[in-house]
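After the structure tokens below, expect a handful of questions from me.
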Amino acid sequence: MINEQLIIAGFGGQGVMLMGQLLSFAATNKDINTLWFPSYGPETRGGTANCSVTISEESVNSPVISKPDSLIIMNKPSLAKFQDKLKKDGCLFINTSLVKDVPIRDGVNVYKIPANDIASKLGNPKVANMVMMGAYLAVTKVFSQEDIIEVLKEKFVGEKASLIGINQEALNEGAKAVTL
Amino acid sequence: MRRRITFIAGHYGSGKSEISVNLAIQDKLNYLVDLDVVNPYFRSRALKELLDEHDITLVESTIEGKLNSDMPYVSGKGRFPLQHKEVTAIYDLGGTENGTRVLHQFIEYIEDLKEVDFLCVVNIFRPETATTKDILKTIMMYEAETQLKITGLINNTNLMGETTQEMIDEGEKVLQEVSKILDIPVLYTVIEETKQNLTCAFGERLDLNRYVAKKWL
Amino acid sequence: MSNTKIVYEKSKALEDVHLSYCPGCTHGVIHKLVAESLVELDILDRAVGISSVGCSALNYDFFTCDMQQAAHGRAPAVATGIKRFKPDSIVFTYQGDGDLGSIGIAEAIHAAHRGENMTIVFVNNAIYGMTGGQMAPTTLIGQKTTTSPEGRTEAQAGLPLRIAELMATIPGATYIERVSVHDPKHVMKAKKALKKAFEIQKNKQGFSLIEFISTCPVNWGMTPKKAVDWAVDNMIPYFPLGVYKDKLAGENK
Amino acid sequence: MGKVLMKGNEAMALAAIKGGCDAFFGYPITPQNELPEYLSKHMQANGRVFVQSESEVAAINMVYGAAGAGARVLTSSSSPGIALKQEGITYIAGAELPAVIINVMRGGPGLGGIQPSQGDYKQITRGGGNGDYYLYSLAPESLQEAVDLIKESFEIADYYRNPVMIAVDGLIGQMMEPVDFDHEVKKWDLKPKDWVADGDRKSHPKNIINSLYLDPTDLENHNLKLKKKYDDMKANHQRYEMINMENAEIAIVAFGSTSRIARTAIQLLKEQGVNCGILRPITIYPFPEKAFKELPKEVKDLVVVEMNTGQMIDDVKIATMGTHNIHFYGRVGGIVPEAEEIVDAVLKARGESNE
């Protein structure tokens, strides 16, 4: 049974909000309860941005997540801000391209993914978020990559449709980064 | 004895409306013309029923039946007493010289100024008319605005329920000075109905019934 | 009786009631012109008038068309709501200089700016009539009011606002004219202007405003005759009559 | 159309369209901007009216005009904007016109902040503008409930000929949840709008839309007529939900997104062996006084939880008339309380009364 509370944090422009929304759309497609809640305001323009995503087969209550099951950390300040909130034995996904030399707490499962480096190698630095998503899916198995691609196909129509290929590659590379 | 037509002027809250109603009833006048287009409260028109009883025709300063309105309205009917020598009337003006401005509408209908009294109500406990100097200035403003001479004074010195004989005497003293300087009489001194024991030395005693302001005020 | 005929009767756009205006006030004439225009253009049965706050606040009881009473200054916004929902209605506001020129200047400007297909009947008597003769934005320099007892000065209150000229600068406006009703000749001219404004609306050609130079004998402290003379001698020189904007004629004075 | 995932502000906008909204008038303000943005795309496309006005004041007066002409009208704003709209709202109530107003609340007073808040509770539940009037005020806790209530709100507004306020906060405006737009909502028994002033004199006699009553007796009668409506709302249309109340020993009183967080809190409390219920007002006006009569005898302590400094406490006190101990926990400034904080507040209240 799925009952996942996730916080995704980074800075504005890293696709943090989109990552969370993709998961919520995938949940809706499967008729699973979900709630996506952004921190918004000045933070979304250049500072830290984060969103909370709840995916549950039970009813979703508080939109505010105080003890997430998983954390996806896209930049340094976000790690400092959120890592203590993570549940014991929770999953901590860190974008090590941008988060280096920072002490990481004990008692959690840490997955280090050099997402920006991988994305750059793929030829589009913007897909670093999808690299992280690939890693997250591979570990938690909340959804399959196909579930996410399906959502992308719904959302990326017209010119954007050409971007689906690179997003698929990014998911794959992210998955490889944590399973190899 | 007052003349056929009386205009009553005075500062806000000096007691114009109350005095107008009392004089109209006491002297069995034919008309009470409310020209107070300045202050929407405490106007004599609220007393229509009472005046009907005394057979006094009320010319209102607002549209009939719209008591809540602060819509000023000067009725052309106000000319009637001026143009008809057989009727008597009292005109209740709005406060301050702004309230007397409305008389411009009617001045050209006055055929004989000898028929008209223009009275100024004074309460020396109103700060604007506390001293001889203030009162003279006030009267000058009314005269400048209307181009009519004030012909008499009404001493309405009071502190409502707290009025004492000393207060009335003090008012009379001040008004006597004004009277001498301007050579106009103090026609009335007002005594509230609840203060029957008080006396006055100058002018006719006007025992005032409270009709306009509620008794509990 | 066959040789008698009716040569004049009250417009059927006006109720048979006593108007709430003081003797010598020109609101009555302006009401008559509005009423006649609605009837002559055959638009009375789809007209909605907006009463504003001021001496004309009660005119929802005077016109025979549908009427809505607006908050102080908001008549053009209320008119916008009606007109957008019912584009085939004929909507006019009837506003004074305090209502339109002061508290409601934003609503007036923006209705013109959006090019709302409506007509504003703007009555300028250089004073707040209803509240007892206070200074208005259109009060002339030197004019005494209850809030400019020594006469309006530029230093204290600025120069009087010329609404027709101001509104003519708004790109969205179609037709702006200033008229007066101080004598029969000018009444006829004013009627022509008002009818043109309503015709523009009928043809869905946009926003029109007709400014009327009016009088307030009571608060000006004058007889009606003197008040008319005062308006001619003092107001019209500062507020010149004429067409300030006519987009349809391609001219913009 | 099945369930779709939408952002709160957009979902509320679509709900208005589904509810038959003919016209929208509004002015931009954070955090509700997605609502007019969505409507600007979809109202005109459906032949409906959308106007971005020059000000909040103009917007509500446009609402007043269109409502007078018979439209189902919506405006939306956030706290400082709603404050500006009070002029028009009292006119709409006074002239007995239907309209729906969505307030996506943010922190105050003054310009405050843009983060979620429930700081307009008093303003909403006391009318807000001048004179004797109230707004039928609904405080949904989820997007589904917001959508259902907004659809129904147009019916309620038409039924009472009174403005209806949808009171949500920035949290509901910004979050995404799956929503089903096809839920059946209650149809109210509506009379034809024979009172409209739309100019169409071929179909009705002269109508006047007005809130001015110059005769004191007429105005008193009008005030009493309005009061009857509010009495009817109180008697027949209080709405609330009792959550986990059957075996409760203590209860939280919370509305809107705060009650949502309280739901998580009572699960955490259960893990600690504390059975806590939630009394959730859905109408904040009329306040659901009836619900308090249904509280189990064992519940002696009520913990009011709000995102303000305790504005609902007065209403809870009036509803309970001294029969319960009233405790309070609130966060302000745009800070949303976490479930654990509410747990602590409940435990503290329980401890105090056990002393």
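The chains carry the letters A, B, C and D, assigned in the order they are written, with residues numbered from 1 in each.
In the analysis below, a contact is a pair of C-beta atoms (placed from the backbone, for glycine too) under 8 Å apart; a residue touches a chain by one contact, two chains touch by 3 or more.
On a predicted model such as this, the values are computed, not experimentally measured, just so you know.
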Steps needed, at minimum, to go from chain A to chain C via contacts: 2
Per-chain CA centroid nearest to the all-protein CA mean: D
Chain C-chain D separation of Cα centroids, rounded to whole Å: 40
Inter-chain centre distance, chain A versus chain D - centres from mean C-alpha coordinates, in Å: 34
Centroid spacing, where centroids are CA-atom means, of chain A and chain B in whole angstrom: 84
Whole-Å separation of chain centres (CA-atom averages), chain B against chain D: 54
Where chain B touches two or more other chains, by residue: 63, 66, 69, 71
Overlap residues in chain A, where contacts from two or more other chains coincide: none
Sites on chain D at which at least two other chains make contact: 214
Residue numbers on chain D that touch chain A, as the complex places them: 3-5, 30-31, 114-115, 170-171, 174-178, 257, 260-261, 263-265, 267, 336-340
Touching residues (chain side chain D, partner chain C) in the complex: 22-23, 25, 49, 51, 53-55, 57-59, 61-71, 73, 87-88, 91, 95, 196-202, 206-212, 214
Residues of chain A defined as touching chain D within the complex: 21, 24-25, 27-28, 31, 33-38, 40-41, 59-64, 66
Chain C - residues contacting chain D, complex: 44-48, 50-51, 57-58, 60-61, 64-71, 74, 77-86, 89-91, 106-107, 109-110, 113-114
Contact set on chain C toward chain B in their complex: 18, 20-24, 55, 57-58, 129-133, 146, 217-219, 221-224, 226
